[in-house]
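Following are the structures in question.
What follows is a pair of complexes built around chain A, which joins chain B in one and chain C in the other.
== the complex of A and B ==
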């Protein structure tokens, strides 16, 4: 252990010198070896241990900063000399070291487009049918559920709330089918907290079951805005695989396909590591006059104004995270349903494997 | 903490499978011997068109003149050459329904192309098709006027049921009997030649609360190759049932499997194993003599299984379904051998069992050579003879690396010992089963006696079979236990296999 520790510390400048000296001495008399400083974990006194550990950490941090600075200086120097600037290092994250997946959609895949033209969302997405969404709840709805639904109704245009009562979900699906709804959303609450979201595409499915977490309502967001009734723009990020594509299209079919850009409302579904993050914003482009004080001594006190366009974002809420649990073929049917995708524990072979 | 499984795929033997999907495409997947164990798509036939989605397909698997029949969503049955994808004939599913609405309301749900009616001068093939509302028809397709829908030879139509929706049909190996089942209808057994109903099931007794479950059969198959009397039917409320049509109308064995409806079932040529696939992508095998779960096939399968097919010679099955993967599994080790991503929701898979290196060349040249065909026939004969002897052992050893062989052998010896113990247990279980049967039919003493007799007869028959097999296999008395590879016979089979290879080369 001790030897390893020494090796780790070698690149440090002063340490290296010290090390060289020590090694020289060792060459002469290898038996008389100076004991290396113990690892912080080997120190039994807690105060001492934390002290040593803090020191070690400080050193590490300083070294990191120094290396970064050196890299930056080297790049600057290279740019000045007209040499090739060394490539910027990209940190390795779980997303960019994702396991290769053969189900990822490629833009040149003709079968994909043919499949898209044939799927259940095509009528809505080609603007043949305007989307009409029915929102309902589980049997007993209280706590933050009603408030969440109120906000959801403002997010999704052409949405209607229907009291659940004691109806079966299959009955509600039938009802919605008769009234030409295109989707049904069910907000499930457990212990007065919304915890699941079910989206059923009508008339033929599929049905997606999401886990809902990290719900923040509008009133809990600082400096929140209030949305207008314009049709929002939709941003769908990172739905790459075939399954992701399908889920993305399903979400897309909840919203009208002709956004009202004057409303400056954006609804974002951002997928990252199979979690879908929902955000709702208003944006504004502001023309701002910026004063520039010229530094010349002659024209001292003279100020120029320059017009600059600023973009500002204001969150409107709600804010929540979805995770896909199952995607069922056909409308809601737990007894005889066929699943297109079910999350099973034996699917999780690696933390770098994602399905959406 | 997620359970981490890393499955080393040993690769699959030379194989040719044909899949059909909801865009109306037919894809051919082949695994060749040379880049060993890699299955991939070699050909795609047809244009993507959702209105021509393929609902079911059936292959007349012959060495000479194989024919593939596909039933499309627009009510058309197409006959194709499975070697090169040429369309041989296009037939409207039924002549009486000319309107478009009829086809949409009553789509075909099952199709079976008869293997024994080999194409001759006048007919291309005969198929049994049935629609969702229970109209079954047997039709022959004429060779001359392929475009018009005219019939030649035997043609008959009958109503299987007048209520409920049909969900599956299955034809036995002798192709004289067909079974039908569906939502709201019990399993029926029909004689195809006379178009008469032979037998129908009776729903099980009410449970202890007095509640009947509505019959809803989702899949079924004949259990034995030479016996049309044993039927395996799977229900929507996740039950696998074995019916013995000769003895009673209620199920002999009924087993529950997990929580989701069973969507596909296929029997094994050994006559007692069935493979089932469910709506959540679980694949398992059952021994129907005892109703015991032999094991599950684990391997990242996440979508409903629509179709399973067993290779007639090699010990492997292929499954496909809504997760758009074609998966090939080894039935001995229950390990996945290969998975091919096919991009669409798949509906059916069929295996062309007469595929080998030579035949792949044949498909390339696309002209069936008479000498080649004759050779194939000869090869088949040889195979048949040998298969009886070494079928299972042969394929088993193929998977095993030569290096691992010794270790394997040692392990197997151990297994053998264990198995002997198991065998004893099994006989006990069988006895139990007998008593169970008796319980079922407690009502009248006569049936009891009959059943007992039957049972005895069956056991005797099994014993006979067993002794036969034992004579062939030189093995000791462990026939009842599910067979595994035995080291000695395995090695011997290797020798014979080499010989056969040499012959092929010659």
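== the complex of A and C ==
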């Protein structure tokens, strides 16, 4: 079957190669007439310049395609001959060229696990205490702030909204401590647009200050669903470093640790390049029979079926992105607080350095 | 120089402390007790004058007399006033005993005003207040750009789906879903061991069955209507709005919730047939 495939394919390849050659010859002729073709940037006539540039680009693209095809053919040939298939090239991304961070935790990091057992979130995460969240705002809350809080309340079970009034945040923290809340969330709005999120873990937990951006509310999401009141399950992706672990555990401690899987609700905090993407979905698993039409000529029309388990998602908002600005030791205190981590502009000198 | 001559110069020629604004003529001289530019409260044109000044929260009573008018260095006599308002009053009374009553009154007024603003200042400083910060536009724009790229790199839906499937595979969900994973895995393994033909035969049998269904698509459409009509009744929020082709897929064999739904829907259909109430049926289908 594979041989036939090749037979069918080879003439195509030859033709393409011929074409390439012909094109090459055609390209060469004008070049021979003009000994040194000028760079497109040297041509002053815009029309001419764009023409030359387009041509150059086309050639580059064709060459790239040809190289790719050659690589594919080489791999196929090697596979048929039973030789070692050359390794597939992996594209360079920012993720795989990330600057090495010594705090990225390894699976056998005993120190980290011991630290986890001793940190502030342990009581909640070990299900000794059920999380209870107080949500409040900045002093002037308007615009999309109230709507956002309404949706946030649906996302976080056991959340309670308290009017900010003119209270100091320290007073509110005290109040929440007395009522045995486990965390306080403050949504800060600026120019009627939520732009910051403060999460305070109680009673003495750290305080994280996030920048909030790209907020999309439920009604602005196309084909959105409505969440049920089941306890959601949590997906925390890519929180790798020490700091990331800590932030991840902090976020985890906002949610109950015994999700109701029948609710099929999932709340995701996905970290990518220090941006934490929040998404809220409903999902469903489906068994799907995937038809694979075999390419054989003999068994033409015969189909294989392969049972696959599919997962389908429906977003039910809100959708936003967080970026950690500071992580403070202890509860909210800007004057005499001790910071575990502060984002400073001089940390931004490399775009391949990430902290979470 | 006589006070009157000085006042004449100030008022009718030029005074660098004078501030003429819409509401009146004011004085910027720090020694002025009232802040208004007139004959009686001008610190320059009065050889006998007293005022109170504030040096970082500490008040001093300043007095000048005609005897020291020729000594600019020693012109002002300074007395520190205690923090206590009443004690400060006593000291003012003591030092300004034989001074003109109007001036003494003005100074006492000034003391009251100053103590009040000092109290207010302290209170405001103790209070927690929001600090207004600038937002560097260039950095926010850069951040937004990087955010968009990160979002693309994250492939959120894909990563969430794979994570959920991984959980299903690991058995986090326990008995909720009854996908025949073991069979599925064994089939996959067998295919890898090149025992595929047998299974393919089996699958072929299944395929023929499916195709048979496909041929009767015209009938199937009606059936789908029935199913849809059943779904709308009790399954509306479950998955109808996920996406359209979902309803066409075969129902899961094992999941109990699904099978229940199927039974319900058939029940409804039979009822409709018994009644032969076509009008109502069409209405529901609409």
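Everything below uses one rule, namely that the second predicted complex is superposed on the first by the 296 of 356 C-alpha atoms of A that agree within 3 Å, B and C clash if a C-alpha of one lies under 4 Å from a C-alpha of the other, contacts with A are read in each partner's own complex, and residues count from 1 in each chain.
In this text, contacts are C-beta pairs under 8 Å (C-beta built on N, C-alpha and C of every residue); 3 or more make two chains touch, one makes a residue touch a chain.
Note that the coordinates shown come from a computational prediction; the quantities given were computed from them, not determined experimentally.
In the superposed model, A:103 makes contact with chain B only, not with chain C. Which of chain B and chain C touches more residues of chain A is settled by the count: it is C. In the overlay built on the shared chain, the residue A:345 is in contact with chain B and with chain C.
Within the superposed three-chain model, A:242 lies in touch with chain B and out of touch with chain C [touch as defined at top]. Of the two partner chains placed by superposition, only chain C is touched by A:312; chain B is not. Once chain A of one complex is fitted onto chain A of the other, the partner contacts of A:139 are limited to chain C, with no touch recorded for chain B. Of the two partner chains placed by the overlay, only chain C lies in contact with A:94; chain B stays clear of it. In the superposition on chain A, contact of A:230 is made with neither chain B nor chain C.
Within the superposed three-chain model, A:337 lies in touch with chain B and out of touch with chain C [touch as defined at top].
On chain A, the patch touched by chain B and the patch touched by chain C overlap at residues 345. Those residues of chain A lying in contact with chain B across their complex are 102-103, 109-112, 114-115, 117-118, 242, 329, 335-350.
Note for the complex: chain B touches chain A at residues 2-6, 22-23, 25, 48-50, 216, 218, 236-237, 260-261, 263, 279-281, 298-300, 302-304, 322-324, 341, 343-345.
Put simply, chain C touches chain A in their complex at residues 127-128, 130-131, 139, 143-144, 146-147, 149-151, 153-154, 156-157, 159-161, 163-165, 168, 172-174, 176-177, 179, 184, 187, 200, 203-204, 206-207, 210, 237-239, 241-243, 246, 249-250, 252-253. The touching residues of chain A, counted against chain C in their complex, run 93-95, 138-139, 168-170, 211, 213-214, 223, 225-226, 235, 237, 261-262, 266, 268, 270, 272-275, 277, 279, 281, 283-289, 302-305, 307, 309, 311-314, 321, 323, 334, 345, 351.
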